[in-house]
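Next come two complexes built around chain A: one with chain B, the other with chain C.
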Partner chain A sequence: MKIGVFVCHCGENIGRTVNCPEVSKACASFPGVVHSEDYKYMCSDPGQNLIKQAIREKHLDAVVVGSCSPHMHEKTFRKACASAGINSYMVEIANLREHCSWIHEDINQATKKAIDLMRFAVERVKFNQPLETIKVPVTKRSLVIGGGISGIQAALDIANAGFEVVLVEKEPSIGGHMSQLSETFPTLDCSQCILTPRMVEVYQHPKIKLLSYSEVEHVEGFIGNFKVTIRRKAKSVKEELCTGCGLCAEKCPIKKKALSEFDEGLSNRPAIYVPFPQAVPNVPVIDRSVCTYFKTGKCEMCKKVCGREAIDFTQQDTFVTEDVGSIIVATGYKLYSIDKKPEDSIYKGYGEYGYGKFKNVINGLQFERIASASGPTSGEMLRPSDKTVPKKIVFIQCVGSRDESKGFSYCSKICCMYTAKHAMLYKHKVHDGEAYVFYMDIRSGGKNYEEFVRRAIEEDHVNYIRGRVSRIYEEDGKLIVKGEDTIAGLPVVIEADLVVLATAMIAQQEAPKLAQTLNISYDKYGYFQEAHPKLRPVETNTGGVFLAGACHSPRDIPESVAMGSAAAAKSLVLFGADMLEREPIIAKVDATTCAGCFYCQKVCAYNAIEKKEIRDRLGNLQKVVAFVNSGLCQGCGTCNATCPSKSIELIGFKDDQIFAQINAFAEV
Partner chain B sequence: MEEKFEPKIAAFVCNWCTYTGADLAGTSRLKQEANARLIRVPCTGRIDPVFIIKAFENGADGVLISGCHPGDCHYNAGNFHARRRWILFKNLLDFIGIDSSRLYFSWVSASEGKKWVDIVDGVIDAVRAKGPFKQYKKMNKEIEIPVAAEEGVSVK
Partner chain C sequence: MKNLKAKDFKQKLIAITSQDPAQCYQCGKCSAGCPVRDFAEAPPNRVVRYVQLGLYDKAMTSPTIWLCAGCQTCTSRCPQEFDLAKFMDAVRELAIAYGVKSADKKTQEFHEAFLKQIENFGRAYELGMLIDYKLKSKDFFQDVDLAPSTFSKGKLSLLPHNVKGKQQIKKIFKESGEVKK
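Presenting the complex of A and B:
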């Protein structure tokens, strides 16, 4: 075998601490090496040409490049070699930059180490085999998890491009948090007015299959070929029969026992309910935890009044399986909850603000419901305790955000904007009212955002106080808000009628579980992790799984929509090709020595090992051996290390390749 | 010869977490000692115990194995299998009389460049304090098995 060695200086990056000409000289004496040279920038065009030229002139069979990390330029050099006629898997990279020159100072030691690393690579490449990339077909369908604005956008984009979409939503209706909002910043246009047409479009789209009240249970497969099991929770209502007339909800005797999730607990809902009048699909579900029939076996009022006989108390959860090529995760956020019983909560902070204890201390989403025309007060600005108009209202920002001691260290990003919006909405409805905002900093980056905040201050005369609130207590029906104005350096006491806390946006509680189901990573807060913070913001480490919206980090509506479209575009890139190419680093069984113990099957995390019968010419069964499904195998090599007879090998990381490296260790 | 002993460390690292973590240490220019030689495998699950024995046989004074944190394996469960394998293997090493304290395990994620440097330097210091590992070589001599005679390598 003729091996060519190329040592890159990477400008000064390697050359400064590693004596590259000496490394190149040392490599020339390794057995098998017929060509060795060094160059300032191997990855540049002239550098690549040096490699190509040497391959052609000296008829090289394999190439070793000493350069930066293989994660950086392995592809570059493989491509260059392939264009000169060498199989791209006959190329090995020795990491002389990240693992040598950048971490050492002594030039002698670093040069010695560089020579060792080159020797490892040279010994290894002798056992490399020419490989071809594997081509797998792509299922041109997409799964979108979460029917908030981000998921809706992604689903519509993909469906409008002509591909099928399965949209899974865990609640009875799509719409997400956006459907709860009264108006949106910075234009103050009505949230429902812009959202509900989109929801209806989703429902009527021939390419979108909407599975509401459903959750993703299990995912197997890989990019282009996922098999997803979805749990369809029992609605106790036959969807195909229901016309959405609403008579069942009207007649349900339970009116007061359940708190409306849609109204954030500010109103009640019956046991059989649609979350809100514009719900999509407009099909009610029975909340079995409060329904009299499910508790006592009596009542059946809804069944009696339903003319379509759509009520089915015996309905069970069902499971459906969908084949998809890409998955878009758009599961959104929830609000940091600061309940009256902090010992029940994992978040122990802010008992001093009295949320849950005082009826008139509410969070941002609750204020949205009070301000909304479809809310419990029909849009009238009335406080929850006695339904009177609050004349003084206090907004507190950063409750749980930017607070390492009690909440989370990140900024929730949207609170500055929605607090300004809340204060404005309040002033537009209560002209003689006073609005106060306690803030830490005003963060209003975004198109027309800063102007919006200035409008709240200058046109609507909202009083912004820089400082934190230390305590809130009730006295004579008033909420006494004690805080500090840090600009004036004075304590502030405000007798408020209503207090609104801008609580932090946090990840969904089930996010880590979903991340494990999908095999994607999440950060310490439970937000899903992107593949690269700058260049791959909607991709995850698992191919074919993309992120959209606030499940990734706090996001406002325009950003969530943009991310939804971006994730859809990434899916469409995938659907643009009929076949996907993947690395041929997979396991392979030698059927002649395989004894059929199937230890490999037990350790395989991908169910990639199948049983294969070996028969003689007469059709008699000789033995059963393991067989690797090349579509499922991801190339971890656990089977290889487990096999007692060494009959299964990971191509590209075969035993002899690794042993060659280890044996080269003898000369270190 | 003994006056300035520099240990040789063979490190088997997984491609996705520790190798990338070591890359990060490089990009962050975190200085470390130059005694370790990394061998990249796709996953710690790929590491056959024989690799470790072979490394000792070829003159390693210490062997370091590092992969993704349990639960964060790029391949879902490879590191769990590896962990089980090592627990048994370490006992076996003790049983056959090889000093198992020269074998080190750690979990280093792709973002823990600093941790990787600390671990490598810590292992180098610890092995330096133990002195050179001669036992295996001596044992080899006793049973007279040629160590590096690999067949099947056709050079040129």
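Presenting the complex of A and C:
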């Protein structure tokens, strides 16, 4: 076997701590090596040409590149070698950067180690075999989980490209948090006005199948070939019959027992309800926890008034299965609640801000509802306790955010902007009112964002005070807000009528459960984890599952929309080909020695191990052995390590390849 | 100002408190809730800032450290979980160790006079403290007009109150003094 060795300096990254020419020289003497050279940037065009040239001139069979991590440039070098005529899998990377130069200081020792790493790779590549990529078919349909603005955007983009979309929303209506907002920064355009046409477009789109009041129950399969089971929660209303006339909700005798989720608890709703008048679909659901019929068996008022006979008290949850090729997760966020939390909760609530017991201490979404024309006050600026106009309003930023002690260490990113917007909206409605904002830093990175904040300060004369509020308490119907102006170094006490807390954006409570269903990772806060923080921001570690919006991290509307489109584009990339190509690095079972113990099945994280019957010529069952589904297998090697009879091998990481490396190490 | 090695101060402070002042992000929540804030010229967060900037003399001479009542309101509300009460205690301790006097000497002298009574009698002996403080501060006429009414109400007894276990208290002072050294 003729092996070519190429040592990259990676500019100074490797070259500074590893003497690359010396490594190249040492490699030339390894048995089997017929060519060895070093170059400043092996991944660059001239660098790749050196490799191609050597392959052609010296008729190489295999190539070893000493460079950065294979995560970075393995593909680059494989492609270069393939174009020069050798199989991509006859290329091995020795990681001289992350595993050597970056972590060592002494040039002599690092060089010695680099030579060792190169030798291991050379010994290994001798056992490499040419492999072919695996081809799997693609179902050109997409599942979008979550019907907020991000999910809506993703669904519309994919549907407009001509592919079918199944959009699953757990609430009775799509629209998400954006539908609750009054106006949006930095342009102050009405949120509903820009959102509702999109919602209707989703509903009317021939390529979009909208499943509202539904949740993803189970997912199996793999990239291009997912099978998703969806629970359709019982609405108690026949969707196909209902015309959305609203008479049932109007006549429902339960008016005050349930708090409106849409109005963030600031108003009441009947037991049969649509979340808001512009809901899509405009079909009510019965909240069985408060409905008189479900409690006592009497009433049936809604059924009596419904001219279409659409009410069905006997409806049960049903399950539907959908075949899709890609999944977009757009499940959004929740707001941190300052209420006292149970002992085992990861966040504690704010005692100094009253644990949520003061009626006039509200959160940002509640303020949005008060400011919204469709809200409980019809857009009039009235405080919740006595419905009077607050003359002094205090906004407090970073509640739960940037707070290691009671909340989370991260910055929720959007609060600086929406607080500026809130203060502005307040000043536009209450001209003689005074608005105070307590902030720590103003983070207004974004197009026209800083200008927007300056406008709040300079044109609307909102008083910005740098400092965190220590305590809020009630005295004579006023909220006493105790803060400190850290710039002047002076204490500040404000007798406020209304206090708005910019509480942290947090992950949905069910996010970890969904992550486990989808087999994707999530961080310690419950946010879903992207595959690479910079270069693969919408992909997850599971092929074919993409992220959009605030389920990934706190995001504002423009970013959520952009991410929705990005996730849609990633799905469309999948749908661009009829067959998917994937790495042949998967496990393979030797059926002759497999004893059928199925330990491998127990440890497989990807459900890739199946059962296969072995029959003789007469059709008699001989034995049942393990079989690897090549579409599901991610090549992690866990089964390989577990198999007691050594009947599973990981192609590309076979025992003889690994032993060759270890033996080379033992020779040192 | 004594010949003070700056590095030494910070190291000692971190050793005593097991926390780095860099942890503080200067939000001012401590100062906003501090009950003695109105009497201090420099708010508590500013004393931390002095240390962050390496202005250790400013921190040690700040009257704020002697005004701190150690109520720990700041500690319990700090979003960064920085124990400011512990920090203040350590700065006081170091100020004594380095022999740095407060810019407003009286507060520190009052503090010392108070602790001396505790050491001797186990609880505050008002008259003894008063005399001790006046000797230290040389300000003999401050609040002197309050003396008759205080005395007539029985708030100033001529003899110290007795407590049990004076020896143990003396021992506490002795041992904590040794730890400091």
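Throughout what follows, the second predicted complex is superposed on the first by the 444 of 668 C-alpha atoms of A that agree within 3 Å, B and C clash if a C-alpha of one lies under 4 Å from a C-alpha of the other, contacts with A are read in each partner's own complex, and residues count from 1 in each chain.
The rule is simple: a contact is a pair of C-beta atoms (placed from the backbone, for glycine too) under 8 Å apart; a residue touches a chain by one contact, two chains touch by 3 or more.
Bear in mind the structure is a predicted one, so any value in this text is a computation, not a measurement.
When the two structures are aligned on the shared chain, A:D616 is found in touch with neither chain B nor chain C. Of the two partner chains placed by the overlay, neither chain B nor chain C lies in contact with A:E309. In the superposition on chain A, contact is made by A:L650 with chain B only, not with chain C. In the superposition on chain A, A:S470 makes contact with chain C only, not with chain B. When both complexes are overlaid on chain A, the residue A:E404 reaches chain C alone and has no touch with chain B. In the overlay built on the shared chain, the residue A:E484 is in contact with chain C alone; chain B does not reach it. With both structures placed on the common chain, the touch criterion links A:K113 to chain B but leaves chain C unconnected. Touching more residues of chain A than its counterpart among chain B and chain C is B.
The interface of chain A with chain B does not overlap its interface with chain C at any residue.
Note for the complex: chain B touches chain A at residues 8, 10, 19-20, 22-23, 25-27, 29-34, 37-43, 45-49, 51, 54-55, 58-60, 72, 74-78, 81-82, 85, 117, 147-148, 150, 152-156. Taken in their complex, chain A has these residues touching chain C: 352, 398, 402-407, 440, 466-471, 482-486, 489, 491-492.
Touching chain B in their complex are the following residues of chain A: 1-2, 31-32, 69-71, 95, 97-100, 102-106, 109-110, 112-113, 116-117, 120, 126, 519, 521, 541, 585, 603, 605-606, 634-638, 640-642, 650, 653, 655-656, 658-663, 665-666, 668. Chain C makes touch with chain A in their complex at residues 25-34, 37-38, 42-43, 45-46, 73, 77-81.
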